[in-house]
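All remarks here apply to the structure that follows.
Letters A, B, C and D name the chains as they come in the text, with residue numbers starting at 1 for each one.
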Amino acid sequence: MLLDHLPALLVAVPLTGAALSFVAGHRRAPHVALVTAAAIVALAVALVARVLDAGPFRYAVGGWTAPLGIDLVADGASALFIVLTAIVGMGVTLYATAYFRTDDETAYGHGLFWTLWLFMWTSLNALFLTGDVFNVYVCLELVGISAVTLVTLSGGAEALRAGARYLYASMLGAMTYLLGVALLYASVGQLDMTILADTLTPDVTAATGLALMIAALVLKTALVPAHFWLPAAHGSAPSPVSAALSSLVVKGSYFVILRLMLYVIPVGYLGGTDVALGVLGSVAIVWGSVQALFQTRIKQLVAYSTVAQVGYLFLVFPLARLGADAFALAVTGVLVHAVSHGLAKAGLFLASGSLMSRFGHDRIDDMRGAARSAPVLTLTVALAGITMMGLPPSGGFGAKWLLVSSALAGGAWWWAAVLVAGGLLAAAYMFRLLAVLLADGDAVLGTPASAPRTEWVPLALAAAAVVLVAAVPLITDLASASNILIRAGVTP
Amino acid sequence: MHVFDILLVGMLIWIAVGSLNQNRLFKSVVMLIIFGLFMAIAWIRLGSPDVALAEAAIGAGVTGALMLDAVGHLRERATPYPLGPEAAEDADE
Amino acid sequence: MTSYLIYVAGGALLYALGTYGLLARRHLIHKVISANLMGSGVFLILIGLGNRAEGGPDPVPQAMVLTGIVVTVALTALGLAIIKRYYSATGLTNLDDEPPAGERP
Amino acid sequence: MSEHRHRTRLLPLTAAMLMLGVIGRAILALPTTGDGLAVPMRAGAEASGIPNVITAVLLDFRGYDTLLEIAVLMLATVAVLSLREDPAALSRRIAGGAGPVLGTLTRALAPIMLLVAGHLVLVGSSGPGGAFQGGAVLGAAGILLMLSGYARPAWASRRAVRWVLAVGLIVFIGVALYPLLSGGTLLQYPPENRKDLILLVEALLTLSIGASLVSLFLASASSTEGGGRR
């Protein structure tokens, strides 16, 4: 009986946690957050089991089914993103208990991290579950407000500046998305994604609306050339926040693009948008990697790596149009990529944060000798690197293998070339970082009392990404239980 | 009858342009508040009295109060920062 | 020309004006004002097009706009709070000038 | 300086013109009639016994949007609080003392606005009005009272202030989850007393939205001087 309500509970539980953590005050808020996180992990696992067992299902909020009401949609893809959010979210929560521990009541936004973070978690879950295009707007605003505020949490000038830029990008994106919804609704008269998918007919107004919605979501996902706000925001946020932003938040808006492009919008409806997104993705892979190679500050390097890794997510759109085999492989591959990047990037950002607090600065070139005094963190960076490069047996390898297979199955070798080149470029910037960390040096590191207690968290996340190839069968099952593949009538 | 609608929309655009094309922040904000009130009239013309009420109270009222407070904050703290050329240039009065 | 089109056209103009202001005006408060104008433009388009329904305006866009107005005031409050804090920290009211070198996070 | 400005205006101008063209083309392609979801919504509202369709849409059919909306308001207040430089934030009072104009204005306006807000809730299920509108007017009236110094937030403790801010959302979540106990879905009001329940929720939401708007303003108002006064 409770299982039927999983979509509602996955939103209501973190939302309750957010409100209670605010009431609890800054000393007890971490406990509220930990209990909430544990509950979400349990609910997320139950959702995966339920979707694998009984397939996708809809949940009519208020008892009104669409088109009158709002339907939540739980399918393989949403379950996968929710469980990824739960795992990374649990890691971030555990890490944050040490990171934000301070006696200064005014530090870190007066201890309001926990409330803001649980609001963000709520909105991500809501975004992964919603089946209504206007509800997406409300969810995006919740994500945007919480994410921007979390970026500014340290109160430093640089963080505030990055937060302001992020906010303006967010506002532009939100207004443009709503404009798209207005045009789409005026043309079709529907808001539910499934009904839209069934009723869309060629029409310039509806197509313009959808194109505006996708453009707005591309801005929120920070695909090149709309990535201008990301490196500063992700680089200057507190490390647990950076991890959540890079690993999860960009995937929130990406997930909506995925649903719109491959589920709602019929093939060829938006002309060459598929290929255009793929080309931008390729540019992002090259541009982000090259920028990462030249960064001198560790979190900026990791943030530009996110710009590059986001690019891979967009290769699925041209690949999905190359026939049934390529479609199934591409969707499965991109889901594996989203999970493996999510785990590895969260680990990498948290490890970078720990390195910064150990060294007391963020200059890569001055981090020589880290391997000796901070072996756990160096190992974490190395493991995350294995996934970024796509070496076996990592999740990154599994993802690249599936995507390359998809390109070859569709007879489009040039996308495969992009994938291989991306792996080599990732190797370049990760080796550059590792070379410094492994080099001989006489670094005298500070060991903050709380640091070692949570250093295993990034290690666990990065290690999970490395052995993710073992979970590829599970992700394949979830992919075949996703509405995208069911609607297209293909199985991986 | 369309004359009134055209005049109203023309006013809206004119006030909006004025609000943006105004270097004195206080005037910009006051124009935004007036803009909100005219929007409320537009909502009534479009048969949406519900939205008109919310627009007058939130769009003009709450937003205006927040904006005036922010402008006051910037002006109040203007003296300790003679370095910001932009602050001086855009500061009101 | 039916009268809803007048408002929809006005909405489109306001949206474009807001886009221009958000990108071109340097002062941070002007950018927030621009975002508010963009929002009003979108709301006018929503309800204006909803006026094409027979038997009175479509209630769904009106409900969306009521939601949108509340979201916009929330965004405005956040934007202004960041601006005030940024000004206190740096004395700057735009994002083009570099803040004086300070602490790293 | 001015050359730099001219250069930076080209891109925004192009973007704005492009958007204008794209929107214009899309709008002109629309037929002059289009019902959207108006017909089923009206029929649904009539079946529920709620004459104001917008209230039915906001609180019943699309109540989930409204739940997240209340979350947005509380989140924004928390966000603004987190950006304060000082810890006292809400529990400090705004410096009072309205000027003569504002004072007179408030004395005349505030009672009227309170009446209007109450009226809006009462008639919200039939005429124009409802939780969003009533709450908005209530919030504006509250801010006016704060600004003019007639009412001041002098709360006992920060804990109490936090409860005031969160209680609207917590109660709404409770209302939303309550139907789960009797086999309904989130926010599904039982059909036999749907109308009464919706009226109750509406009254609660009016207070909650009004209080959220006032606290949003209080959280952001500048500390040393009465913000917004001129």
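Structural remarks
Everything that follows uses one rule, which is that a residue touches a chain if its C-beta (ideal position, glycine included) is under 8 Å from a C-beta of that chain, and two chains touch if they have at least 3 such contacts.
Source: prediction; values computed, not measured.
Of the two interfaces, A-D and B-D, the higher number of touching C-beta pairs belongs to A-D. One simple way to say how far apart two chains are is to compare their mean CA positions; for chain A and chain B this gives 37 Å. Each chain gets one centre point, the mean of its Cα atoms, and the points for chain A and chain D are 30 Å apart.
The distance from the centre of chain B to the centre of chain D, with each centre set as the mean of the Cα atoms, comes to 19 Å. Chain C has its Cα centroid 27 Å from the Cα centroid of chain A.
Contact with two or more other chains is made by residues 23, 27, 30, 34-37, 41, 54, 62, 65, 69, 72, 75-76, 79, 83-85, 132-133, 136, 213, 216-217, 220, 222 of chain D. Within chain C, the positions touching two or more other chains are listed as 9, 13, 15, 17-20, 22, 45, 49-50, 52, 56-57, 60-62, 66-67, 69-71, 73-75, 77-78, 80, 82-85, 88, 90, 100. Across the assembly, chain B contributes residues 50, 54, 58, 62, 66, 69-70, 73 that each touch 2 or more other chains. Screening every pair of chains for touch gives A-C, A-D, B-C, B-D, C-D.
Against chain D, in their complex, chain C makes its touches with residues 2, 5, 8-9, 12-13, 15-17, 19-20, 22-24, 45, 49-50, 52-63, 66-67, 69-71, 73-75, 77-78, 80-82, 84-85, 88.
Those residues of chain A whose C-beta lies close enough to touch chain C in the complex are 134, 137-138, 141, 144-145, 148-149, 152, 154-161, 163-165, 167-168, 170-172, 174-175, 178-179, 181-183, 185-186, 191, 236-238, 297, 361-362.
Within the complex, the chain D residues that touch chain B are 52, 54, 120, 128-130, 132-133, 136-137, 139-140, 143-144, 147, 213, 216-217, 220-222, 224-225, 227-230.
Of all residues in chain D, those touching chain C in their complex are 8-9, 11-13, 15-17, 19-20, 23-24, 27, 30-38, 41-42, 45, 53-54, 56-58, 62, 65-66, 69, 72-73, 75-76, 79-80, 83-85, 132-133, 136, 209, 213, 216-217, 219-220, 222.
Interface of chain C with chain A (complex): residues 15, 18-19, 22, 28, 31, 35, 38-39, 42, 45-46, 49-50, 52, 60-61, 64, 67-68, 71, 74-75, 78-79, 82-83, 85-86, 89-90, 95, 99-100, 102-105.
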